[in-house]
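Shared between the two complexes below is chain A, which has chain B as its partner in the first and chain C in the second.
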Partner chain A sequence: MATSAGTLTRGRLPQAERKPRSLWSDAWKRLTRNKAAVLGIVFIVLMILVAIFADLLAQHNPVQQNAGISLRPPVWVQTGNPATSGLSEYPLGTDSLGRDMLSRLIFGARVSLIVGLIPTTIVVVIGVTFGLIAGYAGGWIDNLMMRIVDIVTAFPDLLFLITVGVAFRDTPFGQAFNGLLLIFVALAIVGWTGLTRLVRGQVLSLKQKEFIEAARTVGVSRRSILFKHLLPNAMAPVIVAISFAIPAFILAEAVLTIIGVGMRPSVNPDNPFPTSWGVLMSDGFASINSNPWALFFPVLLVSGTMLAFTSLGDGLRDALDPRDN
Partner chain B sequence: MTAYVIRRILWFIPVLTIVGLITFTIAQLTPGGPFDRNPEEGRRMNPGTERVLRARFGLDLPQWRQFTRYMFFDIEKDAKTKEDKIVWGAIGGNLGPTYKSQGRRTVQQEIFGSSGGNPSSFYYSARLGLQAFLIALGLGIPLGVLAALKQNTWIDYLVLFTATAIYSLSSLVLSFILLLLFSSYLGWFTIIPDWDDPIRPWILPSMALGLASMGYVARVARASVLEVKRQDYVRTAQAKGLADMAVVWKHIVKNAMLPIVTISGPLFAGLLTGSLFVERVFLVPGIGNDFVTAVGARDYSMILGLTLLYCFALTIASLVVDLLYGVVDPRISLA
Partner chain C sequence: MTVYSNGKANNGSPAIAEGETLLEVSDLKMHFPVHKGIIIQRQVGAVKAVDGVSFAVKKGETLGLVGESGCGKSTIGRAILQLYKPTGGLVSFQGTELTKLNGQDMRRMRRKVQMIFQDPYASLNPRMTVGDIIGEPLKVHNLRQGKAVNERVQELLALVGLNPYFVNRYPHEFSGGQRQRIGVARALAVEPEFIVCDEPVSALDVSIQAQVINLLEELQDKLGLTYLFIAHGLAVVKHISDRVAVMYLGKVVELADGKKLYSQPMHPYTQALLSAVPIPDPAIEKRRKRIILEGDVPSPLNPPSGCRFHTRCPIAIEQCKIEEPPFVDYGGGHFAACWRARESLDLLPSPIEIDESAVMTAPKLA
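Moving on, here comes the complex of A and B:
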């Protein structure tokens, strides 16, 4: 036995010479080998760039109204009648107020991505903290916290969002940022319980492992155990959950807007966040008879975004949990 | 078992009370009341009339009493006999009068009662939800099983891709896609539905609601069958020469059903609240439609009543799912 250990340390076996690899670099390699996931990442990065450089990309101001050229189809639709044909000036057509569809889609990406990101950030902070504490503390603290989670889960999400949306719509809080602040807060309030359950489950199984016991034995502080030992090891499923939470929030904003309690339309030409894909779908739905294209384009972009996040999420799940394959 | 069911049902009471309390508080914080505008003319209501109406609905009582009166019971003087009598609230199935009708109809009548020969809102929502549920399970399970049995063939990839795509689009985007494709482009269905037709107007909303869940069911069914397929008892069954069909149905599918039962609870919940949006897009006069109208009109009792009703349905659904576990997998014991 002693000799074989000696040969290993002298490095004659090729495996022994390999550089240490972390879980994350392994996962990244597996992720980039997954074609669908890479496609998803490319699409998402593209949308993020569009959102950031919306001012440069958009040809027209997204809230500028043009009387007389409303509800035009895209440029390739030529009906023969100049009053109903597409215009090269407005490549994807115009909406019912004559606003440029393409510019609105570009600016809509900005709000929709933010709607995906901000509530997700809030939800991750609350959900992970709650889950860590409940799972690690155990006993009555765990019990109390999980009962709170039960009640929030029992509340029908959409009904809560609508009720809150209507209740605070006309208050200064509800009007802040065209109603977006209210949407962020409301989405965060209903959205955190899933992550709490997930993290708590992870912690419950992790805290029985030897490395935690070892850390406790050598006197590592509770805060250190929670954030340096438990959290990083519970992170993989959280990351997967995040990649599914973002599109869910984007959709939730759209649902609320279409039901009539979401984002308010903006008429201020200097507003950097004038519209969202939800608003565009809602407007497009209202004018579906006269110009279905106004619904088609936002639906197309939202579909692309949903598919991109799903393939990224599925890819992440496979990459971070190789046991599944 | 019985003790378990009773304990679960008793747990409903605090959950529903707290959900009711939260909704009640939000409704109270809302600026504007149900009677500050005249519903027909849209202008401010006569203050005297408003006072009378508020008194009739108990809105002049202290807030805690408005709440207990609505949720549990209140003691009122009977108009004829002049004696105190108990009037039950939500706990006794009385969801209160709607403000919209100025007290002539109760919330439960508004939801479950038919008006003027038209079916009730409940009928529309329940039928829509049920059809969607059937589409989700009826298509999802066979597709998932098929994909798993043909693992790594083109059938598997096709099913998996379609299921994932449809599921990630969700019923929202799917509603619009179906509407654009079948109503707007192909013109097979009218955008404004004709509810006298027994089948036609139901097709698109049921598909929009059901297909997204179908994608999810198919994915879960596939994963579950793949798991079971590797078990020793399946190999044993094949080794002893059982017919392929018998192995699939008796050993694989039956044992792979547990995760389906698990997800059918949240699935049912999703169909209930998801229908709120689908109803809006396909102009279905169901409960979701009632809810959106009620919120706009600050109809507190209708908002509270519908929220409680949804919440009750969700908790019942999760209880039924937990009970079904025991039926599907006798190894799981409750209590």
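Moving on, here comes the complex of A and C:
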């Protein structure tokens, strides 16, 4: 009983094969129409380039101390007194130890961006996996996993960060990368719960959809259903959440450094991660009366970066919403 | 181009001749537990969506399954495919007991049993191209490799009447009818023998319903498919089905040849349904008498005692409240579950034969 698979309709539509218009490419098109989001992307890319090429951009070594020229304002501030005026060699001034502000800001971008990206990566891996499993498994597994999430969420974040920061300060783990590793891990441990709830909610609504049933009917394995069918459809809000999480982590690092449990200052001239914007803010705060500029610049950069990520996140949220078509 | 063969030779399964039983469902029960409590959950009851249903589907035929919303007809379809694990009862396909198969064997079984879904907007993954959607079953069951996958997908698209160039497009670029055709192509990709059509046309525009139904009929002739056709419009079912089963609150109340069921319904519920089908002739419409059912469908959480229909039945007697009527053959394969099956035709206004033209204007019994 073999019949040839001929067409049932005669006469084909006169339409040639064309480039498919995927939901992602549609979203990209909508995103690039949003001026604020494009501005955010440009700023973020600029910061990433600065962080990567810090060695080439910085004119001075960021930990090099210069006696006699400490706490100088930026070059455009001329007080008339040569001992307190800005120097053309240090365009954004110097800090209390005579280190070049501009070079320190350039190198600080490295740590601040990494501190935004690495904990976010950890958070996404833990949060998405946990949420996917809890949402898809359902029943008592879901119940147990979400109670764990509740416990982690209920714990006061800042208290946990301070406790961990102080407790592991002098261990090799706490010393690694000037205490950066400790910050990454601590931030990730408290930060993943929101994403888990988000992903679980998405999966709960998606797994009732008929296309998941269709995949099961066809015989697709559970793993494929999770990663090929559920995950791509749950991605849109996750991407938005990521773009809001990155600035939150940058700020958290700064806050931790200001209260003294963050990154420790480095005096090693070969250290690729000598300082962070958080450290600069902390230092600048100490000398706020004698040289407010030292606080102004890191604050400006942290706010600018946060604003850039936030407008990107807003743009993404609008772009990924299919109702906005 | 490859030739479409319908699985018998390359499956190595025992060949079943036309007219023999392909699928047998006996005493199928599907109860969904209802829980109470937040942390310590205890079961406080069960929604008896399907409660003891038996029927058989012969090879090459179409069995229609009708009933109002929430009566459990879709649940039967899903329980046959083991998308839900049935609470009780047996589902045997070509002699294989599906309820007892483990994951791997069941996956292999899915090559022979497929499903077409109700909502063409929800049944296609919006993040996958049409080629990926139709190609997925081919890859899962390793039916084609490499370039042959794409060729086969284009062949299937042509088979369901779509342009083969559509492979790289996404579902949101299609209309409802086109999407349903993609769903049909996906079901056909594994060369199945039996397809559960779960209200495949009820989400579609009336003019498109006819197209999709005709496509399903054409494919049945061409590929020798067997259908379980679930619908809530009696007229739609009449058009495509050889035999029709009527469901009420988790039970099949009547099962007969299409012609018989429509001309001599035995169960008062079937009679009420038939009297609600509009007839596109004002003269007849004026003369005919409607059977209007009072009240609502009782909750499947706590179904009525005895015959489940007695709360709304216009000819119920005392016995109906106490004893459940057996589902028995009243001759010629005309099954019904009613104590007054033989007299019901005389007691109620007789139904008027539905004209074929009424098919596509069938009401939705929601």
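Definition applied: the second predicted complex is superposed on the first by the 302 of 325 C-alpha atoms of A that agree within 3 Å, B and C clash if a C-alpha of one lies under 4 Å from a C-alpha of the other, contacts with A are read in each partner's own complex, and residues count from 1 in each chain.
Quick note on the criterion: contacts are C-beta pairs under 8 Å (C-beta built on N, C-alpha and C of every residue); 3 or more make two chains touch, one makes a residue touch a chain.
Not measured: the values here are computed from a predicted model.
Novice: Where does A:T171 make contact in the superposed view: on chain B (first), on chain C (second), on both, or on neither?
Specialist: A:T171: touches chain B, not chain C.
Novice: According to the stated criteria, A:N233 is in contact with first (chain B), second (chain C), both, or neither; which is it?
Specialist: So A:N233 only meets chain C here.
Novice: For A:A214, using the defined touch cut-off, is the partner it touches chain B, chain C, both, or neither? Pick first, second, both or neither.
Specialist: Second partner only, chain C.
Novice: With both complexes overlaid on chain A, does A:A254 touch chain B (first), chain C (second), both or neither?
Specialist: The answer is first: A:A254 touches chain B but not chain C.
Novice: Report for A:V125: first if it touches chain B alone, second if chain C alone, otherwise both or neither.
Specialist: The answer is neither, since A:V125 touches no partner chain.
Novice: Once chain A of both complexes is superposed, is A:L23 in touch with chain B (first), chain C (second), both, or neither?
Specialist: second
Novice: Just to be sure I read the superposition right, which of the two partners does A:L144 touch: chain B = first, chain C = second, or both, or neither?
Specialist: Touch partners of A:L144: none, neither chain B nor chain C.
Novice: Go through chain A and flag every residue that touches chain B in one model and chain C in the other.
Specialist: In chain A, no position sits in both the chain B and chain C interfaces.
Novice: Which residues of chain B touch chain A once you look at their complex with the stated criterion?
Specialist: On the chain B side, the touching residues are 15, 18-19, 22-23, 26-27, 29-32, 164-165, 167-170, 172-173, 176-177, 179-180, 183-185, 191, 269, 272-274, 276-277, 280-281, 291-292, 295-296, 298, 303, 306-307, 310-311, 314-315.
Novice: If we count contacts the way the header does, which residues on chain A are in touch with chain C in the complex?
Specialist: 1-9, 12-13, 15-24, 143, 147, 209-211, 213-221, 224, 228-229, 232-233, 322
Novice: Could you pull out which chain A residues touch chain B in their complex?
Specialist: My answer: residues 150-151, 154-160, 162-164, 166-168, 170-171, 247, 251, 254-255, 258-261, 281, 285, 288-289, 292, 295-296, 299, 302-303, 306-307, 309-311, 314.
Novice: Which of the residues in chain C come into contact with chain A in the complex?
Specialist: My answer: residues 1-6, 8, 39, 78, 81, 83, 106-108, 110-111, 114-115, 117-119, 122-129, 136-137, 140-141, 155-156, 158-161, 163, 165, 168-170, 172-173, 183, 186, 189-190, 215, 218, 222-224.
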